[in-house]
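Chain nomenclature is as follows: A, B, C and D, assigned in order of appearance, with residue numbering initiated at 1 for each chain independently.
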Amino acid sequence: MPIDAADTHTVEVGYDELCGALQSRDLQALWSMQTRLMPETPAPATLPWLWKWSTVFPLAQRAGEIVTIERGGDRRVLAFANPGLGGLPYTSTTLWGALQYLGPGESAPAHRHTPSAIRFVMKGKGVYTTVDGDACEMEPGDLILTPQWTWHDHNNYGEEPMVWFDGLDLPLVATLESIFFENHPQDNQPVRGHNLSQRLVTSAPGLVEAGAASSATYSPLLRYPYADTSRALERLHAETGETLVSVAYVNPLTGGPAIPTFACQMSRLTPSERTTTVRKTGSSIYVVLHGSGCSVIDGQRFDWATGDVFVTPSWSSVDHQAKEPSDLFVISDQPVLEALHLHRTETLGQHQPVTTTFAPV
Amino acid sequence: MPIDAADTHTVEVGYDELCGALQSRDLQALWSMQTRLMPETPAPATLPWLWKWSTVFPLAQRAGEIVTIERGGDRRVLAFANPGLGGLPYTSTTLWGALQYLGPGESAPAHRHTPSAIRFVMKGKGVYTTVDGDACEMEPGDLILTPQWTWHDHNNYGEEPMVWFDGLDLPLVATLESIFFENHPQDNQPVRGHNLSQRLVTSAPGLVEAGAASSATYSPLLRYPYADTSRALERLHAETGETLVSVAYVNPLTGGPAIPTFACQMSRLTPSERTTTVRKTGSSIYVVLHGSGCSVIDGQRFDWATGDVFVTPSWSSVDHQAKEPSDLFVISDQPVLEALHLHRTETLGQHQPVTTTFAPV
Amino acid sequence: MPIDAADTHTVEVGYDELCGALQSRDLQALWSMQTRLMPETPAPATLPWLWKWSTVFPLAQRAGEIVTIERGGDRRVLAFANPGLGGLPYTSTTLWGALQYLGPGESAPAHRHTPSAIRFVMKGKGVYTTVDGDACEMEPGDLILTPQWTWHDHNNYGEEPMVWFDGLDLPLVATLESIFFENHPQDNQPVRGHNLSQRLVTSAPGLVEAGAASSATYSPLLRYPYADTSRALERLHAETGETLVSVAYVNPLTGGPAIPTFACQMSRLTPSERTTTVRKTGSSIYVVLHGSGCSVIDGQRFDWATGDVFVTPSWSSVDHQAKEPSDLFVISDQPVLEALHLHRTETLGQHQPVTTTFAPV
Amino acid sequence: MPIDAADTHTVEVGYDELCGALQSRDLQALWSMQTRLMPETPAPATLPWLWKWSTVFPLAQRAGEIVTIERGGDRRVLAFANPGLGGLPYTSTTLWGALQYLGPGESAPAHRHTPSAIRFVMKGKGVYTTVDGDACEMEPGDLILTPQWTWHDHNNYGEEPMVWFDGLDLPLVATLESIFFENHPQDNQPVRGHNLSQRLVTSAPGLVEAGAASSATYSPLLRYPYADTSRALERLHAETGETLVSVAYVNPLTGGPAIPTFACQMSRLTPSERTTTVRKTGSSIYVVLHGSGCSVIDGQRFDWATGDVFVTPSWSSVDHQAKEPSDLFVISDQPVLEALHLHRTETLGQHQPVTTTFAPV
């Protein structure tokens, strides 16, 4: 039956009735919302926001005292929930940032999920995360990958609590309605060895174990020690003299991002003038490993210090200024935007006006 | 200042107070929602749904009579709004489906935007869509691409209205907070020629103009005539004898999807038994070009006929059965899921139980 | 033992003695040959050359009468041996061109090898080449692929001889010392069906069977009928009005060359002025499917007619002029040069001087 | 004119006359040489061979005394000429290996060419190679890249001669008839800085300067210090306990080979049993940086010591045994074979018979 034969009746209604008829039939008129749907430049729901370590850590500590870790609960995690996202526990529309707290002797049981995660250690020692049998030791400033669908459990064999930053692509995978989750049959998966993944990449850039083949999906290197990162930043700063130097954590066998769905970087800021203001599509979460300073996001000034976490929305103008030498760990959804040809960036120059100062709760 | 020095105070609160303190500081406790956040298999908000042509077309026709097209309004479009998405005008969390109605003599002015679109013609003739200067003629069953950031305007020089299906990645780009939009300085952009893009790909698969280089971003072929699609399906059916045969619209210079962010396919169903039930991650929108039959989605039966539109959510079980020879055009977010390594599929076999029948409004 | 400790003696010889000592120890002094080894522009051994159909075909015919096809001999093939290559049976340093003759009722037994081959039919009918079980019918102007390590046998079930052009990457694979060869256990491999590969790519560019996955190695399409090629050229000529139009045979699932190690193209020349003279790295073999005209190669004029074959060396200046509408099939090593970043091209403009005329034997 | 009309005459000759007629017309009959052209497994012209440092170095030293470096001569280089290649100055059909000798105060003038080269330092200090303005310091065991078409000159500002191994893809590029060569207008190109390329890749694998984009053509890292390589090998050996450990020099931004046309590796052999015998397509050149031992190539034993160079042909069976801890630098054409899908490998197990011992001149 061709479509024409299906035209069986007509409707004779006025504009208001038409609108009502549309609504009741799960239809929406584009003409009433085009500008809102298609703004000239991104109009993010994500708000620029900052969480103070001095606020968050004591709460995490208290949670450590009164909330146990066990199957069903599984992880003692405080999510940085962006107040622009209507109550969702997400830091931006694509990124999940959270603080995880693991007390001495505790173990967060093994599971796996399709969202990918990174762990960036903020405080503590004596913990390892086992990733598909490889026990990755964790120290402050270290980056540990737990890529998509890899088994992982966290184990504190030391005598003090550990706090790390969890970064996940969970909001994006939730939007893609593709979350799968599975508990491991054992609380702790068997350990094949410690820091095994570092073998593959030997000890210098440009050198890999001969015959090492890359997983298409994620980096074979699972642990990026802070000592290496710090040395790299020091070298870059020494050679370029720049106020802001950054290294990207990459898959050493492909040069692509360590996790395919979000970028991980570490930036080192030296006290000086405000950096050039830039904006780009996509959101970023910053974790202050140490130091203090401020960032200006869309004209609003955010003062930060060691342990603070803040988020910059898509297309917001951003610059930074350190009061003391500072290391900022950053994750962003840039790889996804690049893959979909949606990455844009613009340089706005220096001395952009500052209009307000963010006052955290 | 190292992080330890920042631990300046402790909190001594009970569980309820802790929860309150978290909430007031834009923090959310994962332990209270882990199972909801990380279900064992996808728990989509997107509902399976169907819109009847006999309902939608008369409303579009009426809109054609009382809603003008002009700058500000721009397009006479009725969006298929999935009732599971809380009032958003989206068909699924990643895909936008809509009916566009363009009366004789009307012209929808030129603009461009970062979301990519396809136009699948359902009814009418005498219209062309100009895409970056290439006037692509439109007839029923034709697929026209207006890829990301290409200028496009629609022009009805004929004597009857045209109705087409609009498919966009708008919800995904909205989530990525990366929508840019721009009006063309002229209502109608200059036309360089008609159906120019078809030159590049000559007339048979496996043959391209020597030296033709592909845009990395999208297919250089902008118009896929139904005559070709129908012949391809006929041939596939003749050769395989299958109840369900499908062709994918691809970028002829790369073999990748015509639009990088969503797949376009046409399926031909021959009256026979229900097809094998399968499920996969990601959502799909089906447009019935002609024919009639039913689809069973997660055990619910949807009866469809010419001009109807329906949506299948991520990980829903789906099978089809035609009452008469039927052509169904389909878009899905599969390329995005594949790029992010989130594509999964499962075959459930035949004769899955049918529990309810969908009754559209 | 470090290298220094190994310096145990010195030599006290003059220049001539040094040269002698080098030679006897399998060493060669670069300083005596640098300019020859590293010329400013390519100094190919490959000569421009032409073989006349009126010479070659009668010899092939005679071979058909007195040379049988059987295991050991296997193929009745006359190789176009470039006289610049010191007696090697190669048409250029990378390409093998030859005429193959298969009489009525004859069958060339099944084998496979690592060099890839194409068959371009020049004359005859009633033959098919079976490639991994797919019997590809052959008619004049058709291109049949027998890619690397695919089983293939040729079968003449008709009543007349067939002559086709064989194009192989054999010289390149020989240089890479990577030739493997294997006879099939049966004279003729089992046939799964006829022209099966064409199913996959349906009937129009931009449309492929949904779910078709590409082999990374070679095109899944094995047969490119001349009717399609001719229609494509006609369309290109009609649309562009150019004297010289060319289509490339590509892998429809990737847009890359049909065979990864050499390019296949068909050019259509319309009688007019000489085309613009260009030169590029890499060699090409031309097969005149029909027509007549001339090509000027490095100032030397080559007159060609139906059935002739000629070769252009790397970096030679080349232009063409048709006396009548002419179709020229061409293979070249361009994909290899591109993969190794050695492809260069230069346009020399029109009316380059003609100094001599090639007089074939 | 169709091909049929061109069949104007026939030949009536016997077999011998036919053969003569073919030869005089630059045609060759495949049936007389198929087995030779298409052997069942590779039949390389390249011979396994070894050059003793104790023989070669004194000759290089003497050349240093009596052969000057200047335009026209340009480089004081002794090529390892494989005796199987009919007098060509190549070490295998694809690879060029040579010893270059640069005396104190000497400078080898700046030029560039399409063949790519590496320099592996064997002896000496106080030399840098400038590559497109980046002065790369050279010490024993260092690897320096001078990729395709990069300007390079070598400068000895020290007080002793330097000897390094030159590895080039010259034979392959010669076969592809694509050699271009150009002298720099100045004897020594301007120097922008020293060891600049190392900035980009910072100091640890998996960390790169954020925003660093890779050249598609070659590694941005031009200098690979031996200290790094040695540490990497030490680590691999410590972790695996293997007799033979190898690292590959890669482009840190892509994980691909440092030079796209040949692989560079360093192997460390620990005294133990003979390694497992393997064979693979493609040839390799070994340079003994230090140590001593033997390799068995197709059953022939080659004893080697510090400074020796040897070559293994395609598909030859190869194993090694060290008498003392030994580092062997190796180049091979494997990337080309892989790109063309011609790479094959086979493991033959241990204790393959040894039939002869190579006695160098």
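Here is the rule we use: a residue touches a chain if its C-beta (ideal position, glycine included) is under 8 Å from a C-beta of that chain, and two chains touch if they have at least 3 such contacts.
Predicted, not measured: the structure shown is a model, and the values here were computed from it.
**Q** Among the chains, which has its CA centre at the largest distance from chain B's?
**A** For chain B, the chain whose C-alpha mean is farthest off is D.
**Q** If you average the CA atoms of chain A and of chain C, how many Å lie between those two points?
**A** That gives a centre separation of 52 Å.
**Q** Can you check how far apart chain A and chain B are, centre to centre, with Cα atoms defining each centre and the answer in Å?
**A** 29
**Q** Which parts of chain C, given as residue numbers and ranges, touch two or more other chains?
**A** Within chain C, no residue touches at least two other chains.
**Q** What pattern do the touching chains form: line, ring, star, complete or other?
**A** Contact map by chain: ring.
**Q** Give every residue of chain C touching chain B within the complex, in rising order.
**A** 199, 201-212, 214, 219, 221, 224-225, 228-229, 231-233, 235-236, 239-240, 245-255, 258, 265, 267
**Q** Going by the contact rule set out above, which residues of chain C touch chain D in the complex?
**A** For chain C paired with chain D, touching residues are 1-15, 18, 21-22, 24-31, 33-35, 37-46, 49, 51, 53-59, 61-63, 66-67, 72-83, 89, 92-94, 98, 113-115, 122-123, 140, 148, 170-182, 216-217, 260-261, 281-283, 289-292, 305-307, 313-315, 324, 333, 336-337, 339-342, 344, 361.
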